[in-house]
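What follows is a set of structures to go through.
Look at the two complexes coming up: chain A is in both, with chain B in one and chain C in the other.
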Partner chain A sequence: MIDIRISDCNKSYGTLKVLKNIDLEIERGEFIVLLGPSGCGKSTLLHIVAGLDRLTSGTIEIGGRDVTDVEPKDRDIAMVFQSYALYPTMSVRRNMEFGLRMRGKPLSEIRPLVEEKARMLHIDHLLDRRPSQLSGGQRQRVAIGRALVRDPKVFLFDEPLSNLDAKLRASMRTEIKKLHQSLGTTAIYVTHDQLEAMTLATRMVVMKAGEIQQVGKPEEVYHRPVNLFVADFLGNPGMNFMRGQIRLDGGRVSADVGAAMLPLDGYAFAMPPSDGQAVVVGLRPESVQPATGQAPAGSEPFVLTLKPLLTEHTGSDNLVVLEMGDQEIVGKFPTDPPPKLGEPVTVGFDLSRLSVFDAATERRL
Partner chain B sequence: MRRFFQRHVSQIALSPSLALIAIFLYGFIGYTVAVSTTTSKAFPRFDNFVGLEQYWRLFHTPRWHVAFTNMFLFGGLFLLVTISLGLIIAILIDQRIRAESFFRSIVMYPMAMSFVVTGIIWQWLLNPTLGIEVMVHQLGFESFRLDWLTNPNTVIWALVIAAFWQGCGLVMALFLAGLRGIDEDIWKAAAVDGIPAWRVYVFIVIPMLAPVFLTVVVLLSLSIVRAFDLVVALTNGGPGVSSDLPSVFMFDMAFRRTNLGLSAASAVVMLGTVLAILIPYLYAETRERA
Partner chain C sequence: MSAPTATTPPIPRSSWLTPRRRKALLTRTVLYLLLAVVAFFFAGPLYILLSTSFKPMSEIQAGGLMALPHAPTAQPWITAWGEACIGITCGGLKGFFGNSMMMAVPAVLISVMIGAINGYALAKWPFPGARFVFAALVAGNFVPFQVVLAPVAVTLRTLGLFGSVQGLILIHVIYGIPITTMLFRNFFLSVPNDLIKAARIDGAGFFWIFFRIVLPLSPSVIVVALILQFTGIWNDFLFAVSFSNPASAPMTVALNNLVNSNFGVKEYNVHMAATVIAAAPTLILYVLLGRYFLRGMTAGAVKG
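After this line comes the complex of A and B, so read on.
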C-alpha cells in the first residue's frame, strides 16, 4: 500500500532549480533514506513532504490524501531535526507534551503516554531537566521522543545524528533501527553518512543536484549502481575505475583496460555493447584480494600479477595500491601477511561484482 | 630589564588609562562624596564637616521628592512602553516583510539624534500654539486639546513619549537581533507540532529572549537615571517643578542655587541608585559565565 506519493515535484528558488521532476512512491512501513552530497536538495525534499516548504509544481499525497496545500500540523507527520530543535525554556516533559496539549488532548491521557515513550528511549529519569542540562545524545533522544508521542503516520528525520560523535552515532543508529522495526511506521531519513544509509534503509534514494539518480535496496544500489556518480559516491574507499574499450571477439565479450583483458561473458548487459566502445570498468576494493587459489563461488577465477605501490593500514584491513599498466587500483587485503612493496603478488578479481559504464554517458551498460 | 618589559607589556600599556580612570572616575566620585559631607556653597570647602546632614536635608526637600518619584514614574512608564512596543515592532519586522531595511531605518533613525534635538522636536509638536493641536484644529476638530506640556499631571507622558521615540530603535534592534538568533528549526518544529505563532512567541521565543530583556532593562535604566538633556530641552522641569528629575535637580543645586553640598548628596544618591541596578546585573552576568 502506497503511503507517500511524490509526483512530478519541482522546487525553485528564483531561477535556481533545487528539485527537478522528483517522482517517488513510498510503501507503508518503509524506511527510506535520502542520500546525496551537500546541497543536492535532500532537506528541501523532506521539508516539502513536511509542508514546511511550498513546492513550485507537483503534488504530494500522504495516506492516499492530497496534502499539497495542507498545513504541516494537519499532515500527521512528526519531524526530528539535526539541531534537535527542542524548546529550550521548557522541561523535557513539557517538550514532549506540548504538541499534544496544543491539539487539545487531555493531560490525563498525555502523561502516561509521555512516560511510556520516555521509558522506551531511556530518558525517563531526565523528564524534569531542561534541554540545556542534557548531553547531545540525550537531547536527540528527547527529540525522537517528542516525535514518538505524537504517534504520527510518517516520521521525517533530517540528519538527526550528525551532531553526535562516531560512537554515539553508531549506537543511536541501531536504536533507530530497532524502533522502526518495532513500530513499523513509515519513515524518511536524510543523511550524507553512507553507513547510516546502508544500515537503516529498506530502500535508499541517491540524489544529485536536485535529481534522483537511483532508488533501490542498499545492496542493489551498492553493487549495481546505475551510473558513475552513484558508483563513485558510495563506498569507502571508493570504487576502482579502469578506462578501456569493449572487445567483441567471436561470441566473447571482454574489456581491454590496457594491462589486462577482463572477460565480461558473465556480465548482464542492460544494453548490447559494441566493439571498440569506450567504457569505464568499476570494481570495489573488496573485490580485489590476494588470490587464494579458488575463486569465489559462482564466478570464474581471474587473477593478475600486480606490483604493490603503497599500503595503508586501516586497522581491520590493508588498503593496497596496485600498479596496473598505466592505471592504479586499490585492493582490500588482510593485514596479515603485509604485502611487500614492489614485489609482485597474485591478485584475484571477483568479476561477478564488476560494473561497466559507458565512458560518454556515464551510465551503466 | 628587557624580560621585565616583555613580561609586563600589557600592564604597562594599560597603566596610563588605568591611572586616568582612577583619578577622574573614582577620584572624583570620592571627591563628590567628600563634598556631600560639607556645607559647601558655590565652591567646594572642606573646613565645615557636617556628616550626613546634607542627606537629611535632601530627603526633607519637597522638590527632591518630586524629582526622585518622577524618576521611578517616568522610568517605569518608559520601560514598560519602550520594551513592549519595541518588542512588538521587532516581532512585526521579523515577519520577513517587504522593504524590511526601510522600516528598520525609520525606527532606528531617531537614535542618531541627540536628546536635545528630540526634546526640541517634541516641544514643538506638543506646543498648543504650534504643533499637533493646531494641525488637528485646522482639520476641523476645534475641541481637540493636547496640553501635556502645560498640565503637571500629564507632563510626565510627554517625557515618556519623547524618550520612547528616541529609545525605541535601540530596543527594537536588540530584540530583532535576538529574534533572528533563534534557530529556524524551532519554528519548524513548532509548525509540525501545530503550535500557533502567537503561542510560540509567548511560550517559547520570548522566554528565550530573557538575556536580551536583561540587557535592555539595564541600558534603559541607566539612561533613565542619566536623563537630563531631554528634560531641559523639552520641559525644563516645568510646569513648576512637576517634571523634575534628579539629574536636573542636581544641576540646579550646583550651578544655579550655589548649594554644592546638597547637589553632591543628590549625586551620591543617584550613584547608589545606579549601583542598585548594576550590581545584580553584573552578578547575574558573571554567574552565568562561571
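After this line comes the complex of A and C, so read on.
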C-alpha cells in the first residue's frame, strides 16, 4: 500500500532548480533514506513532504490524500530536526505535550501518553528540565519523543544525528532502527552519512543536483550502482575505478584495463557492449584481497600479481595501494601479515562484484 | 615566564613595582581619573538640580550654587506639582504629568507591540516584497520629523484628533514603528527557523508561535524597545508643542512654559523641582530595567 506518492515534483528558487521531476512512491512502513552530497536537494524534498516548502509544480499524496496545498499541521506528520528545535522556554514535558495541546486533546489524555513515550526513550527523569539543561543526546531523544507522542502517519528526520559525536550517533542510530521496527511507521530520513543510510534504510534514494540517481535496497545500491556518481559516492574507502576498453573475442567478453584483461563473461550486461567501447570498471576494495587459492562461490578465480606501493592501517584492516600498470587500485587486506612494500603479492579479484560503466555516459552497462 | 633562568638574575623582592606593574597602575589611574571627570560631568547637574530644588528662594538669591540647602524645604516641589502657574492656569504640573502618562504609556505599548509583530513577520515569515517593506521601514527611521510636521497637522485635523492626547498617541505610534520593527526584526533573525518549523508542524499558527515561542525568548529586546520608546516619547517636545493644546499638553511643553514664563521672579527652586519631576519616569525606568537594557543591547552583538 502506497503511503506517500511524490509525483513530478519540481522546485525552483528563481532560476535555480533545486528539484527536478522527482517521482517517488513510498510503501507503508518503509524507512526511506534520502542520501546525497550537500546541496543535492534532499532536505528541500523533505521540507516539501512536510509542507514547510511549497513546490513549484507536482503533487504530494500522503495516505492517499492529495496534500500538495495542505498546511504542515494537517498532514499528520512529525519531524525531527538536526538542531533538535526544542522550544527553549518550555520544560521537556511541555515540549512533548505541545503538539497534542495544539490539537485540543484533553490534558488527562496527553499526560499518560507523554509519560509512556518518555519511559520508552529513557527520558522520564528529565521531564521537568529545560532543554538547555540537557546534553545533546538527551535533547535529540526529547525531539524524537515529541514526534512519537503525536503518533503520526509519517516520521520525517532531517539529519537528526549530525550534531552528535560519533559514538552517540552510532547508539542513537541503533535506537532509531529499533523504534522503527517496533512501531512500523513510515519514515523519511535525510542524511549525508552513508553509514546511517546503509544501516537504517529499507530503501535508499541517492540524489545529486536535484535529481534522483538511484532508488533501491542499500545492498543493491551499494553493489549495483546505476552510474559512476552513485558508485563513487557510496563506500569508504571508495570504489576502485579502472579505465579500459571492451574486447569482444569469439563470444567472450572482457575488459582490457591495460595491466590485465578482466573476463566479463559472468557480468549481467544491461545493454550489449560493443568491441572497443571505452569503459570504467569499478571494484570495491573489499573485493580485492590476497589470493586464498579458492574463488568466491559462483565465479572463476581471477588472480593478478601486483606490487604494493603503500599501506594504510585502519585498525581492523590494511588498505593496500597496489600498482596495476599505470593505474592504482586499493585492496582491503587483513592486518596480519602486513604486506611488504614493493614485493609483489598475488591478489584475488572477486569479479562477481564488478561494475562496468560506459566511460562517456557514466551509466552502468 | 616569571621563573628566573640562569642568565637573568632574579628580580629582588623589594622592587615589587616592576615596569610592567607600574605601567598597569598608571593606565588604571588615568582611567579612573577620566571616569571620575565624566561622572562628575553627568552627576553635577543632577546634584545642582536636586539641591536647588530643596532651597528656599532667599538661599538661591544669596548665591552658592554648589552649596547644600541650609534650611531644606519641600515647598518648591509642592508648588511645582500642584500650584505653579503654567499659562493661564495655576494647577501645577500634575495635570500635564497625567497627560504625558496618558500619551506615553499607550503609545509605547502599541508601538512596541506592532514593532514586535512586524519584526516577527519580516524575519520569520518571508513574503514577496518583504525586503522592500523592510527597506522602506529602515528609511522611515531617517525621516527628519520637521519635514512631516505640516502633513501630520493636516492629517490630525482631518481625523479630528488635532490638539488631543489621542492625536499624539497616533503620531508617536506611527513614528515609533520603524525603529521598533527594525529592533525586533534584527533580534528575531537570531531565533532558529527550525523552531518555527517545528511549531508549525505541531499545529501552531502565526500568532501562537509568536506569543508562545518567539516572545518568551525575547524579554531583553522587549525591554530595550520599551526603554527606547518610552524615553523618546516622554521626552519628545517637537510633536508635543506642535500638536497639543493647553489642555492636552504633555510635561515637556508644560515645563517649557513654566520655565519660560516672563512675569514675576524666576522661581529657580520650583523650576528645578519641575525638571526633576519631568525626568523622573525615564530615570526610574532605567534604574528598574537598566540591567536588561544592557543585556539586550549586547545580546545580538555576541551571537552575531
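Everything that follows uses one rule, which is that the second predicted complex is superposed on the first by the 365 of 365 C-alpha atoms of A that agree within 3 Å, B and C clash if a C-alpha of one lies under 4 Å from a C-alpha of the other, contacts with A are read in each partner's own complex, and residues count from 1 in each chain.
Quick note on the criterion: a residue touches a chain if its C-beta (ideal position, glycine included) is under 8 Å from a C-beta of that chain, and two chains touch if they have at least 3 such contacts.
The shown structure was predicted, so the numbers you read here are calculated from the model rather than taken from an experiment.
> After the alignment on chain A, I want to confirm one thing: do chain B and chain C clash, or do they fit together?
Pair status: clash.
> Touching A:260 in the superposition: chain B (first), chain C (second), both, neither?
neither
> Of the partners chain B and chain C, which touch A:50 in the superposed model: first, second, both, neither?
Both partners, chain B and chain C.
> Have a look at where A:183 lands relative to chain B and chain C in the superposition and call it first, second, both or neither.
After superposing on A, A:183 lies clear of both chain B and chain C.
> If we overlay the two complexes on their shared chain A, which of chain B and chain C does A:209 touch? Say first, second, both or neither.
neither
> Would you check which partner chain A:248 touches, where first means chain B only, second means chain C only, and both and neither mean what they say?
Neither partner.
> Could you pull out which residues of chain A sit against chain B in one structure and against chain C in the other?
47, 50-52, 71-73, 77-79, 81-89, 98-99, 102-103, 146, 150
> For chain C, which residues are in contact with chain A within the complex?
Touch residues, chain C against chain A: 192, 194-195, 197-204, 208, 212-213, 216-217.
> Could you please specify the touching residues of chain A with respect to chain C in the complex?
47, 50-52, 71-73, 77-79, 81-89, 98-99, 102-103, 146, 150
> Would you mind writing out the residues of chain B in touch with chain A in their complex?
Chain B reaches chain A through residues 183, 185-186, 188-196, 199, 203-204, 207-208.
> Give the list of chain A residues in touch with chain B in this complex.
47, 50-52, 71-74, 77-79, 81-90, 98-99, 102-103, 146, 150
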